[in-house]
Amino acid sequence: MIKRRTKKKRTQESKKHIGQVPGTLIYTGKKSDKDFHVECFDYTKDHIEESILLNIEDAVNYKETDSVTWINVDGLKHTDKIEDIGKQYDLHPLVLEDIVNTSQRPKIDEYDDYLFVVLKMLYYDDEENIVIEQVSIVLGKNYVLTFQESEGDVFGSIRERLRLSNGRIRGLKSDYLMYALIDAIVDNYFSIIETLGNKIEDLETELFSGNARENINVEVQQLKREILKVRRAIFPLREIINRIEKGEHPLIYKRTINFFRDIYDHLIQVSENIDIYREMIWSLMDMYMTTISNKMNEVMKVLTIIATIFIPLTFIAGIYGMNFDNIPELHYKYSYHILIGVMVLLFLAMLYYFKRKKWL
Amino acid sequence: MIKRRTKKKRTQESKKHIGQVPGTLIYTGKKSDKDFHVECFDYTKDHIEESILLNIEDAVNYKETDSVTWINVDGLKHTDKIEDIGKQYDLHPLVLEDIVNTSQRPKIDEYDDYLFVVLKMLYYDDEENIVIEQVSIVLGKNYVLTFQESEGDVFGSIRERLRLSNGRIRGLKSDYLMYALIDAIVDNYFSIIETLGNKIEDLETELFSGNARENINVEVQQLKREILKVRRAIFPLREIINRIEKGEHPLIYKRTINFFRDIYDHLIQVSENIDIYREMIWSLMDMYMTTISNKMNEVMKVLTIIATIFIPLTFIAGIYGMNFDNIPELHYKYSYHILIGVMVLLFLAMLYYFKRKKWL
Amino acid sequence: MIKRRTKKKRTQESKKHIGQVPGTLIYTGKKSDKDFHVECFDYTKDHIEESILLNIEDAVNYKETDSVTWINVDGLKHTDKIEDIGKQYDLHPLVLEDIVNTSQRPKIDEYDDYLFVVLKMLYYDDEENIVIEQVSIVLGKNYVLTFQESEGDVFGSIRERLRLSNGRIRGLKSDYLMYALIDAIVDNYFSIIETLGNKIEDLETELFSGNARENINVEVQQLKREILKVRRAIFPLREIINRIEKGEHPLIYKRTINFFRDIYDHLIQVSENIDIYREMIWSLMDMYMTTISNKMNEVMKVLTIIATIFIPLTFIAGIYGMNFDNIPELHYKYSYHILIGVMVLLFLAMLYYFKRKKWL
Amino acid sequence: MIKRRTKKKRTQESKKHIGQVPGTLIYTGKKSDKDFHVECFDYTKDHIEESILLNIEDAVNYKETDSVTWINVDGLKHTDKIEDIGKQYDLHPLVLEDIVNTSQRPKIDEYDDYLFVVLKMLYYDDEENIVIEQVSIVLGKNYVLTFQESEGDVFGSIRERLRLSNGRIRGLKSDYLMYALIDAIVDNYFSIIETLGNKIEDLETELFSGNARENINVEVQQLKREILKVRRAIFPLREIINRIEKGEHPLIYKRTINFFRDIYDHLIQVSENIDIYREMIWSLMDMYMTTISNKMNEVMKVLTIIATIFIPLTFIAGIYGMNFDNIPELHYKYSYHILIGVMVLLFLAMLYYFKRKKWL
Amino acid sequence: MIKRRTKKKRTQESKKHIGQVPGTLIYTGKKSDKDFHVECFDYTKDHIEESILLNIEDAVNYKETDSVTWINVDGLKHTDKIEDIGKQYDLHPLVLEDIVNTSQRPKIDEYDDYLFVVLKMLYYDDEENIVIEQVSIVLGKNYVLTFQESEGDVFGSIRERLRLSNGRIRGLKSDYLMYALIDAIVDNYFSIIETLGNKIEDLETELFSGNARENINVEVQQLKREILKVRRAIFPLREIINRIEKGEHPLIYKRTINFFRDIYDHLIQVSENIDIYREMIWSLMDMYMTTISNKMNEVMKVLTIIATIFIPLTFIAGIYGMNFDNIPELHYKYSYHILIGVMVLLFLAMLYYFKRKKWL
């Protein structure tokens, strides 16, 4: 299930936002007490330096060097520190506002000196809930800045590849690093939608079995909402990657374009899967409705069979329970036995009738 | 709930409109007795003058000055006075007609000397009803005219920022003022759709609880209509902002474009939310229908269980209530007790049957 | 209700049309015996001449004058006379065919010397039925020809304004006259859709009241069909006006473009309303379905409550109606009274059970 | 009903097609024993020669003449003869393949010397089934070739007009002849969709009457499928005509363009009608579902009324049918009469209750 | 039924994929132990050489020759060997990654020296399941490489035509070979969708018969999913062929363009059929729902008729089963016979009532 708590929080926060001067930094994410944490990778083909920046002012040292620098910031709550970094890297106030506004829609903004991309990182937390975390990426000539809401991300393999001296990534520019980061995020989308796909298949199997739980429709609806929200997080990214691929921003080298096209293909594939899942969810609701209708039909049949058999028989019994002085049949010796026989025949006839109607 | 009264009024008024010479000023808003009220801010970076214009003729004084002037007119009922202002600022007759026709769709018209924008301001009144009020903005070289149906708006924070001498807004031109006004309106859309979102979530929770009120569908439908109407008020604005952002009207300076792009992003976000809410509303109706079906199913089951158990038993009792002279079973000593035993067994067998069918 | 008779007629007529040489004039409208009637306004800023043309050949006199001429023809049945006018004004055979083919879709055709527009005039007849009447407009350099199926139109106010010497219309060219005519027709669309909107609201109120008539769904469906047909008459006009506004036909002066843009805005507004009404109609059908389901649910509950209470009680009564020789309970003095007491308790328990289930 | 047999045949035939060398001529139409039949019209403004070509080689004689030649071929089964004609007129192998492949989608192919159009001729056969027959048209400089599956077409009126010496068609080129042929086919679409429209109206009237046949839904579904198939045959033609009208193929003279635009308008009209019919069909299904629900509701009401009235009364009768020794009421003189009175009162109270609930 | 096993496998495999360096070759297909198998056709108009390449290094020999070479690789599991071939033909790492990633979406990538196309081959396996197998095609100047997951394909007829010395294929370039391969795959789509069409018709016939199996909805849903998946495999190909046809890649000769346009037409036809099938599936679900509703209606009627007839009669019998001392009717001689008569009349009246209501 998508975490509700997060959503509620956002609502309160973003209300506070209304009426503020544009460019004011308001953090709209979770009010968790996660620490501020700045990680820095500075590398060329031949050397790599990995460090934790305790002093934000140090960040600026890497700005003008020839080596590629990746500065990863965790903890958007500390808006003042974000603002510091923004000043050192000459970021536009609206960029900073978007970085800390975690309800930002995925988008790309092109500035003269840098490219600003906002996208959503999706992963499952420990309780199997989908967490949607905003990642902002600033691509400069020799640096990449990434901003995450909190620690923990899908970039582990990239750190590993950076540390290896012989990987392709070390020999290329900052644009390839951005590609690698986005690729890692998009790769993770696949595992998210696979889990969604598995959930749908499980529900489908349960519904096809004809033995579904009563409240399965609640689960179907929740899955539908999950898909709706994942869709909203993922779909705008297509357009962004398309713009990177098509666009001619000088920071994106031609040799990297092919890789972005590859991401684009992946996103199309993810999107198609999501849309297929949406359609499958609709089918599930259909299945559920027919399941209910079928069950009601079955209940009705049982009732009808029982009532149709016994109500007429009870009526006959009622006839001979009447107290009229003159009911001739009552006094014949075997009339009781004959009547029982007639009733048995009627009973069998009814059964036969229902059998022929395929109700039994 | 959207105020119905307003709508009915509009209907009458706009009927009156039909057959009029184009360019005739017909006020189509609420016939409330709100006063006419003209507020004026005239400012440069260094000074600001705030006044209430009692004499409309004074408005023209600000037209040609170098300082930026914001003239805010409340009370569209006074069409003659609107016409006066229109003459002083050389507004096209169709512009004036659109200003007072409060059922106007949001739109933008570009004229040589000014830009005319109609949009909708949304807010909740005291009874938690959504009020849709039309705001018309005329952007000239050194002035911004705004026209509102009645007093009360979402521009409070802008007035505050104008009064402060060190805000960005004081140092910039009229186009930034227009941006700030539209931004304030759009920011308020967020609070509107958040409230709608909360309502949907409440209804959803109620429906998921399986314990929903009988007439919850009426509420769902009303919410659907509210969303439909909010959508209609908000959606055309995207296109308008897009045109401002893309267009090359000389009155919009390049440095302001980025800010309008920011509004555009916000509008896309609002629109997406509205569309997600629409889809969620459909899901709610689905949920409601399955809820009804499930309830009917439950009712049917109770009926069926009771009838299926007792109708056959009643039949048996009926058999031995018959008055035949010769019913041998009647005369054995323990036949009554045996029969009761048989009935209890039948009863238990039925219960077991229903348990196995999961009806109990 | 849309007049069915008209439709049936059209069907027969248009069948006759098949297999004809293109350009053959076949009147496909109502076979009413309305007279042929030609009305003529010839005006400049300073003078106006209003006349009824009894002789069609007179029409050509106005063709080459400098004054603006409006010739309005009522009665398309007289195809020979239409053809006469066509010859005098050099109209293309396909134009004449379209004029008398009243099932023509709204369209615009640009010819070298004139502009040909077909559109639909909508109004309510005396029995509150929507009448869709075709109006064809030919705009020439100094003349406007209009062709209507029968007398009676929405141009009354235009005639009035023409007669007044000081109206704007008198000082402008034929393109403004065409604008005024189309504007009058479009203005009338508003009153049509308002009536539709009111009908929808009435049905909605009735459905929300939970007390709707049995056959209300027939009305909902009819309303749906009305909207469908109004939509078909109105929607193509948007495209036509858009083409006039965007296009650069020499007959449309630049100063008139703004006015056509105004019509375009109105049409967008009408179209949006129609689409909202369509969606509301779907909601109404939903409401109706849930209403039926709710009613059935209520019926089922009544049945179930009664049956569930009395069937077991009847069974108990049946037990003690049996004629076994040895039923000890029958012979205790107060067993009857005790049994009645037990039954009352059972009855109350059932009531409590249903109350708790919220069925009562 | 669309002829099923045809479809089944096509399936078998087209399977044979798979794995063939492209350009191989495989006839995929009906295996009827219709003869091969070539009809030839050769005309100028002044003379006309009409003949039946027994020898296919004669066809080539007309290719290079200045007169316009229309060669109409019936009977696509004779693929060898089609191939002969193809060779004589230098047709591309894929063109010939498309001519005999009667499951071809409507399309247009432009070649240097000729234009190739495939479209569908629709008509009703004797049993009121829609027959979809493929017509291929090859337009050359001075000739038009048409290929039909079998004899019988909608070109009767064109033959008549050709024979008349004073018709427009005789004085114009081959492009006008093609226009006339397509126009005849499109005109016939109108009669097809009118019949469909009438069927829909009949079903609608039946459903509105509340007295519909049980299996009317089967008919509604069949009508839906018919519309689906007619739609598929007609819709692609719009695009084709649009391309002829817009395109600049040298074989289409400017004066003919207007006529093609006329066809285009007709096609838009047909398409709109089809789409409206589709929507009406959906409404019909809705109507049907509500009809069923209403009926079930009525059935339930009858059951509930009867059961609710008589089950309690039967219980009361059961009470006094018990055989307890001590039931004081049994021995009062008028207790029977009083009880009957009470029952009558109960009965009337129930009736009143149901009346108030509007169940009666 | 679409093979589930395949899908599950893919899921596991593609998970392994996440976090890998881009360009790493990960086979994501079935883990079957099919052998690696390389087939080679080298031909000119005059000679042909057919061989099985045991040594992959031999493949490079054919690269630079003037003759056309078709190298067909079966068995993508052997990623090292695929990599070998890739090196010899200078393929981009992303191309190789796409070749072995069998969950790749159909796509086209244009490189300077070659064209890379991924598409899906569909066929039925022995158990009538649809198998979706990925085929990758690399078109070079004088060679075509094809990569298939496993042995067995639809290219049999192409091999035959290659072996014949007089076929068109032998005289043309590698682009025609690629056309022939894609054409064979697309031709096979027709047989797939025909089978789907037949399944739909069978289900339709069953549903129309009113005698459908209980669980037919499961089959309908499965068919729906099959169509969804076939659609996903086929639809992207349209865009690819469109790009080949429109694009101006130097490897595609002008004379081959016409043939690709032919494929495009076929794909449009397949796509239209799929979309029509989707709509028909929706109709089937509708049919099924109405079938259930109709059945329930019938069940209800039976119950209602029986209950409505016998419950009142039973009540009357109950009346005269009461033990009141003074029930005068009990003692008349023929009152029993009269009562029976009355009951028979009531019974007949009820029957008449139901007949008139058309419930019988």
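Should a chain be cited, it is by its letter among A, B, C, D and E, assigned in written order, with residues numbered from 1 in that chain.
Basically, a residue touches a chain if its C-beta (ideal position, glycine included) is under 8 Å from a C-beta of that chain, and two chains touch if they have at least 3 such contacts.
Being a predicted model, the structure only gives us computed values, none of them experimental.
Touching chain A and chain D together: E.
Minimum number of contact steps separating chain C from chain E: 2.
Think of chain A turning onto chain B: fitted on CA atoms, that turn is 70 degrees, to the nearest 5.
At the interface between chain C and chain D, two copies of one sequence, fewer than half of the residue numbers in use appear on both sides, so the contact is built from largely different positions.
Separation between the centroids of chain B and chain E, computed from CA atoms only, is 43 Å. The distance from the centre of chain B to the centre of chain C, each centre being the mean of the chain's C-alpha atoms, comes to 27 Å.
In chain E, the residues touching two or more other chains are 289, 293, 296, 300, 303, 307, 311, 314, 318, 321-323, 327. In terms of inter-chain touching, the protein chains here make up one closed cycle, each touching precisely two others. Residue ranges of chain B in contact with chain C, taken from their complex: 11, 14-15, 17-23, 92, 94, 103-105, 107, 109, 214-215, 217-218, 221, 224-225, 228-229, 232, 285, 288-289, 292-293, 295-296, 299-300, 302-303, 306-307, 310-311, 313-314, 317-318, 320-323, 327, 329-331, 333-336, 339-340. Residues 154, 156-157, 161, 167-168, 180, 183-184, 187-188, 190-191, 194, 197-198, 208, 210, 258-259, 261-262, 265, 268-269, 272, 276, 279-280, 283, 286-287, 289-290, 293-294, 296-297, 300-301, 303-304, 307-308, 311-312, 314-315, 318-319, 321-327, 359 of chain E touch chain D in their complex.
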